[in-house]
Amino acid sequence: MLKLLNVEMRYPNGVSALKNVTLTVEQGEFVYLVGHSGAGKSTLIKLLYRELVPTSGFIQINNFDLRQMKEHQVPQLRRTLGVVFQDFKLLPKMTVGENIGYALQVIGKSDAEIKEAVEQVLNDVGLEKQADHFPNELSGGQQQRVAIARAIVNRPKILIADEPTGNLDPQTTEGIMDILQRINGRGTTVIMATHNQQIVDELPHRVLEISGGKIIRDEQGGQYTHEVDNNQKTPAR
Amino acid sequence: MKWITIKRHLRDSLRSLKRNGWMAFAAISGVAVTILLVGISLALVFNVTKLSHDVESDVRVHVLVEPKTTTKQKAKLETELNDLKGVTKVTYSSKANELKKVVSQYGDSFKMFGGDDNPLNDVYTIKATDPEETMAIAKKAAKLDHVAKANYGGDEAKKLFRTMDSVRNWGVGFSVLLLIVAIFLIANTIRITILSRRNEIEIMRLVGATRWYIRWPFILEGAWTGLLGAIVPLVIIDLGYANVFRAVGRQLASSGYSLMTPGQLIWPLNLTLVVVAMLIGAFGAAISMRRFLKV
Amino acid sequence: MLKLLNVEMRYPNGVSALKNVTLTVEQGEFVYLVGHSGAGKSTLIKLLYRELVPTSGFIQINNFDLRQMKEHQVPQLRRTLGVVFQDFKLLPKMTVGENIGYALQVIGKSDAEIKEAVEQVLNDVGLEKQADHFPNELSGGQQQRVAIARAIVNRPKILIADEPTGNLDPQTTEGIMDILQRINGRGTTVIMATHNQQIVDELPHRVLEISGGKIIRDEQGGQYTHEVDNNQKTPAR
Amino acid sequence: MKWITIKRHLRDSLRSLKRNGWMAFAAISGVAVTILLVGISLALVFNVTKLSHDVESDVRVHVLVEPKTTTKQKAKLETELNDLKGVTKVTYSSKANELKKVVSQYGDSFKMFGGDDNPLNDVYTIKATDPEETMAIAKKAAKLDHVAKANYGGDEAKKLFRTMDSVRNWGVGFSVLLLIVAIFLIANTIRITILSRRNEIEIMRLVGATRWYIRWPFILEGAWTGLLGAIVPLVIIDLGYANVFRAVGRQLASSGYSLMTPGQLIWPLNLTLVVVAMLIGAFGAAISMRRFLKV
């Protein structure tokens, strides 16, 4: 369960990126986060895994109160989450396999368990051959898939994905969406920021639209675009 | 900590050291050059300290024997002098012998005072174990029977002691300064390499690693950097010192002074510097990471 | 004019990313580069601005022979190109304005010219308010637009864009495509790697499809997908 | 290079220094500590060298005047001695005076040789401008009329000269070692900061900057790092030396030795170290960049 109450986020440079956001997501939901570039999607997501602490307001995730929690509890929170970062954030000096393994290593899995889980997940994202490559030896889309693999490998209670298919071709995107839906089917909450209109329209789930830091739409089974908001300019695609 | 965790930290630290290539190499060579400087300087200071003691030990107590003391009385006196606390060696010089010294210093005109005209005294020269005790020995010797006077160069010796003391003080002061500088430089080098890896640390935190889980491999890597950085300069110093010892030793031989033997110097120096380098590397890493692991 | 002849690219780790690529692009053309993640699109693009030197084969761009050219001529080549990198490559210690200005500074423009050009191009990509922000203070899509702005600011003869809209919402994407088409209309060659099926299908231009390092399709006014190649799996979107 | 380009390089280098925050600070403090060490060590070595010369200048030539030389002849001799090349100062001591010295060293028994029995000579003591010339002066003085003998401590003095020579050699050797170490450490610090910025350099190349256009701001930044790193330690050394000079000066006053005055030491030292720090910073940057600017 995930709950935000009157959350405000103002960056040190004065930019107010989120204004009075209130939101509840139940365990097992699948949520699309949509909105223009710079609307505040990534900011909202960074609040969820506590890269950012809100200027004001209340956030609760998996029974952690994110404003009250002690610094040393943060790793506990993050271990219950899987996060795909918009800029991947892979460790440059570790191979693909080691990057994914690291997320398991920190929670104390045995080497055998790690080996098996890593092989399995690399297979899922179609990178079994790249296990021993370093991130800078991969294409953009391959790096993104490694980031996805790392986020799902420890079977998190909540999967948070920021634009997980921006560098993927439609066919690979379909494969990744299959995986996310399968995970969601097993009870994992999925929150996914995306600009991909086709995904949102063809795999309908709850849609949250952010604009100028405010939630302007919250619709079960919604479409990517919303006539009222975007009527200034007809979206071409 | 579980054994598997320790093993992982060790493996991760070594792997990171290997993969950081040029950066690791630069850090190690920074440590190496610093240790080279510290090692050479400490070897120098240790030897200056030793030599200053050698010079001080050259100060002797001269015990002038009263005229007309019999041979038997002198023998007793010699035993008594030898029994004084802190005395290493007592040597005898007859007044005839003393006169020769005067003649050699002030010219042949003094030869006329040979034989019974000789106004000088027989002299016992005492060497102290510890130069600091010279004065005490002189005082005690003066009180013995048949002793006319016991002196040890007076003001001259006091001045020498003072000079040697200040040589040693400057040496110690300089060593301390140097050690502080070295600690700072090594830690600073490690700090810069860690500053350049803040992204890595950030990512580790984001995927749920605890602070200590992140810290350990960096701390170990710092320690390895210190260790690897210390090895080469210490080998150079060890070999170099053996040579210097041989060369300078020969020069000094005639003067009665001597350098510390390689055996006395090398092991304490190596052990100290390796341990210091590793500790600074480890602590430097730990401290440098604090900033990134706070929030 | 841009010409590749039997170009092969093998990375130091043994991966063979391009095989026997032969290709000619005339001045003023608009070319889409499509293909699966890891097909070799970025590798081809990196060869064009000489981040990579091919293992074998011949490349000529704007009268530069890229295999024969001297190291000190490389900046000359790059100044005739505008490149949008897949991972943006913004200078982290320079503001948005300085990043864009730097590309003009290196060719010796005056401060006044730079100021005017930067303002103009930031306006074009909708970031006039972010001129004094640092890259890490921007959203993913904003960073991508800065990268685009930098690539077009010095009016290059060839614009090379690697996935320039991966982090942009459809509406912003439309704005960017408008700009690219406008520039192309003024005679600039545009080469653009993309996964965006809608763009390719709705704004038809020459389509080059790469698969496994080979050019498998070269079609004027082609569509994103190609029945023969992708028949193993029907692309959902 | 055009004026506007120079202006841009200057601006870019200062901006980069400012924005690199902790990294720049770490580099500057690395330089600062190194310069502090070098500065203090050089000040020390310079003074040891000066003192060793002072000590050597204490070696005098003793000219023994033949007995029965008349006052007039002695006056002529004194003039001749003063006219010898390299002589700073000639002092006279009568044989009565000389006897007092003997008495104070060897005891009252020598008092009996006072008056006409005094076997000693009148003595002129000569101080040389340059200690190296002591020997030559002694030889020339020996050939003058009415001179019985001219000596300068003989073997003792030669040993002293040798000792002081080796003190100076070690000092110079140590300074050279220290300078090399400092050059390496400063360049290495700059190198690490540049290694950590290879991405930046890469991007600059990709947007069409020439190699020199990239290089200049980094070189200038290296020079500023050297400059800023040198300022604080030099201020500390300047103030510190003034104090040490006053304190130690008072102690030494009685002995006739003296330290270099702050005026003699500070300016050459400051100028040298600032220039050296800036050059190393600049060259360090230039050299470290070669790797990234090659292909």
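Order of writing sets the chain letters: A, B, C and D. Residues in each chain are counted from 1.
As a convention for this text, contacts are C-beta pairs under 8 Å (C-beta built on N, C-alpha and C of every residue); 3 or more make two chains touch, one makes a residue touch a chain.
None of these values were measured; they are calculated from a predicted model.
Listed by label, the chains that touch chain A and also chain B number zero. Placing every chain at the mean of its C-alpha atoms, the farthest one from chain B is found to be C. Note: centroid distance chain B to chain D, computed from Cα atoms, is 24 Å.
A straight line joining the Cα centres of chain B and chain C is 67 Å long.
The distance from the centre of chain A to the centre of chain C, each centre being the mean of the chain's C-alpha atoms, comes to 27 Å. Annotation for chain A: no residues touch 2 or more other chains. Contacts between chains close into a ring here, every chain touching precisely two others. Two chains count as a pair here when they touch; such pairs are A-B, A-C, B-D, C-D.
Those residues of chain C lying in contact with chain A across their complex are 11, 13, 15, 34-39, 41-43, 86-87, 133, 137-142, 144-145, 162-163, 166-174, 195-199, 202, 224-225, 230, 233, 235-237. Residue ranges of chain B in contact with chain D, taken from their complex: 22-23, 26-27, 29-30, 33-34, 36-37, 40-41, 44, 64, 102, 106-107, 109-110, 112, 119-121, 149, 159, 170, 174, 177-178, 181, 184-185, 188-189, 191-193, 195-196, 255, 291. Residues of chain D that touch chain C in their complex: 2, 4-5, 8, 15-16, 19-20, 200, 202-211, 213, 294-295. Note for the complex: chain C touches chain D at residues 49, 51, 71-72, 74-75, 78-79, 81, 83, 85, 89-93, 102-103, 105-108, 110-111, 150.
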